[in-house]
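Note that the chains are named A, B and C in the order they appear, and that numbering of residues resets to 1 at the start of each chain.
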Amino acid sequence: MPEPILSIKDLVVEFKTDDGIVHAVDGISYDVYPGETLGIVGESGSGKSVSTLSILGLIPQPPGRVVSGEALFKGHDLLTLKKRELQHFRGDEVAMIFQDPMTSLNPVLKVGFQLSEAIKTHHPKEPDGAVKSRVVELLRLVGVPHPDARYDAYPHEFSGGMRQRAMIAMAIANSPSLLIADEPTTALDVTIQAQVLEVLKTAQETTNAATILITHDLGIVAEMCERVLVMYAGKIVESGDVHTIFRSPRHPYTVGLMDSLPKLTEDEEWLRPIPGAPPSLINRPSGCAFHPRCFLSQGRLRCREEVPALYPVEGESHQAACHFSDELIGRASKFSEPVAGGAV
Amino acid sequence: MSKAASAEPAGIGALQGPDESAFETGLDLVARSQWWYARHRFLRHRMAMASLVVLTIIFLAGAFAHELAPYGRDNLDLQALSQPPSWHHLFGTDQLGRDYFSRTLYGIQSTEKVSLLVAFIATALGVVVGAASGYYGGWLDNILMRITDLFLVVPALAVLLVAAKYLGHGSAFRIAIILGLLFWTNIARIVRGSYLSLKEKEYVEAAKALGSGDLRIIFRHILPNTIGPIVVSATLLTGLAILTESVISFLGFGILPPTPSLGNLISDGEAAGLSLWWLVTLPGLTIVLIILCVNFVGDGLRDALDPTQRRVRA
Amino acid sequence: MLTFIIRRLLLSIPVLIAATFLIFVFVSVSSNPLAQLYQNPHITRAEIKTIAHAKGLDQPVVERYWVWVKEAVLHKFGTGLTSPLPIWPQLTRVLGHTLQLLVSVLVLSVLIGVAVGIFSAIRQYSIFDYTATTLSFIGFAMPVFWIALILQVIFTDIWVSWHVRIFYTSGLSSVDPGHGFHFLLDRAQHLALPVIALCMLSVAGYSRYMRASMLEVINSDYTRTARAKGLPEWRVIARHVFRNALIPLTTQIALDFGGLFAGAVVTEQIFALDGMGKFYITALFAGDPYPVMAWLVVVAIMVILFNLLADILYGFLDPRIRYE
């Protein structure tokens, strides 16, 4: 078993608001191995973005606060580094791709300049000409047409998909070992989504970087990821490799997520959403955070009082945080039969 | 805020229909109206609350000036000429022996009359013009916007002074009309903007499909949704009106002595010589206090009624 | 770019005509400008008739307006009604003085306001921030004329009590200001108090505006991207935040320009400065509409030009708005 390149241990992040303290991330631990693609799935408010943003120190610190935990990257605990030290890693070894390409690029600076900046910050001695040709190469790699002309264009002259390609180019400019993509396709049209995911794959292949792919779209997880974490209300509720989770999920939330997807090969009269709404992160339900919406719980006392820990349910790699996950054994998930030409 | 589950769960059993009962499981949400949230937010704004209290006191003091003034409005006390502030004369006396505190109270009254009238006129006119402009668009909008543009080219004060000179001033009513006719453009722009965006909303389409006439849509459907910015603008406009009235009265184009206005009290004080510093300072401090409070209240209202506006907390 | 400028200038002519026409009609209809002349015992009926004819006052309003336009364009506004002195030389003289005042105010208030705003935003919630915010609120509430008077009171008091002349409290220059450097120093000492009085409001406004703008940019997605690239915070602020935050301020400064003249009207009265403001008030009091009209035209032209300048500057700062 190779050494993980990133190791998160018991991370707790909270936000102070006028209405109370929001427990955005409530004690999560996971590892990322070199070269792999790890998916993090969850609803809005599950804490999936916050957990990765806090690794790079990109949470605004007055309302936000990393309460405790470790984020070990190649032996350094990123959470304890000083600003200046952290800046060495940002954009160099650990790079991030953000959700909304419309607003993630500075509108008054040329795209080429912004990409060059990413390189020059970490290689200040490189001559300008070399940097520029590298940027043009990167743009070509991600599929931006006429990259040499586009170097001098402004972000508003790019389409959404092209902007995201430029963001990806910017992220891989310094050949990072860890790439974090925070919902990279959520803000894009479906047809463009597919293209951008292709570009992301190319980027991974070129750099061999480990990738954390955050999304709420199970389809993307099925297509891109090898392992996946399911998050709910600031905690990890299930983790394992993609095939196992899709075939036999062992947490009622994961089951609910799968069930709520329409299946293309069958006739369904009704869609089955998960009832209720995501919990307030200020006043969390007691015990297991999911129990008010859980079909498995049936109001049992243990669910209401005891917070379930994440423990292995099938071999070391598949873990779930449910007191009664055994009751889900043998339950056929929607996707247990392979779909012809499909993802799983 | 959601509460813990009750003992009555539901199950996602067979695939029959959407399971309605599942939505009742102990996820109680308390319904709160928009006004509840608005009130709540305003009450949290301590400065706004305090300012509201202070403003009410000042307003009442001005309204009841006749009853509250220790000395009359124009009474001369020949024994106490040009006295600095003391227990007998809180704001001192001027060179004619008039008690400045009493005069200030009457000055507040004048200012009240003018500013409230201005706010009313400007808001009424601004809402009507802005709504018509935003809702109907087209040539009406064009003309109205060109008119408001005219006002931008020349300094408002200059136009005001011309208007005051040639339309006559002196009475609070006249001044209020002149000021109102100049200040409506700001509100008109804001209302127009609101109507431009809100008229595209689905509930307007729905109302039209149900046969609602234009007037009904304008006043019954869209207007309530744009009350927030209107109230905030009207408040800040009142502050501006108070300030402007005091300026033009100071320059001699507003309320004329002997009727006191906070502005002409200061100009009288200036004429009396700078050594009688209280004649200039104290009425001025009153103006500052009033406008400060109005601004805080406006700030609080903006926080409460217009939370979508991306503002950073003061 | 050139076509843009020309188009803008051409478009502003109708605005100028409309504004002046409206005011001219308003003034003509609501008063008889000759009324004061009738009251003057030194002028005979016949003389009044001549003046009336020269100004076209015996003709309907529209004709009168045309007469005025001709006189304005061809004879540089001609003369007023109540005095035989030509308007234009007076106007240029006072304009020069007022511009000295206003340019100083503009430059100082922008520099100070922007600096305070930036610092407040970077050190949000610090003592500096709270102090600056409080002072701004107070600054907004203080009428300019009152600040001016208070300053006058204070500095007159200093002069009378301690015989130390720090700043002058009235006039543009002393009786014998000297030349070169001495003249400049004297002028600065005379203009200091009016400048301070006018700056207070502007600084309060610009610092708040800049602070809000900075905070919005500092918390924006693209600033987060810049940090995620590993840029040191100072460079993030200098290169990504500052310029972006400045953009909306440019519009605000342009909008405020007309207000500066309004401020001049008030301060020049109080400090007895021989500028546009005093000129305007004097003409108004005298009931002479012609200098008033001339003043309005000149100010309107300046506002239009200044707005044009601001728009061009805006185009420089924000590449999304580049003019064809």
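Convention: a contact is a pair of C-beta atoms (placed from the backbone, for glycine too) under 8 Å apart; a residue touches a chain by one contact, two chains touch by 3 or more.
As the structure is a prediction and not an experimental result, all values here were calculated from the model.
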| item | value |
| --- | --- |
| Interface with more contacting C-beta pairs, comparing B-C to A-C | B-C |
| Closest chain to global C-alpha mean, per-chain Cα centroids | B |
| Between subunit A and subunit B, centroid-to-centroid distance (C-alpha), Å | 48 |
| Distance from the mean Cα position of subunit C to that of subunit B, given in whole angstrom | 26 |
| Mean-CA-position distance for subunit C and subunit A (Å) | 54 |
| Of all residues in subunit A, those that touch subunit C in their complex | 56, 58, 60, 62, 83-84, 87-92, 95-96, 98, 100, 103-109, 117-118, 121-122, 154, 156, 167, 170 |
| For the subunit B and subunit C complex, residues of the former touching the latter | 146, 149-150, 152-159, 161-163, 165-167, 243, 246-247, 250-253, 266, 270, 274, 277, 280-281, 284, 287-289, 291-292, 295-296, 310-312, 314 |
| Of all residues in subunit C, those that touch subunit B in their complex | 12, 15-16, 18-19, 22-23, 26-27, 30-31, 133, 137-138, 140-146, 149-150, 152-153, 156-157, 211-212, 215-216, 255, 258-259, 261-262, 265-266, 269-270, 280-281, 284-285, 287, 292, 295-296, 299-300, 303-304 |
| In the complex with subunit A, residue positions of subunit C that touch it | 124-125, 219-222, 224-233, 239-240, 243-244, 247, 317-320 |
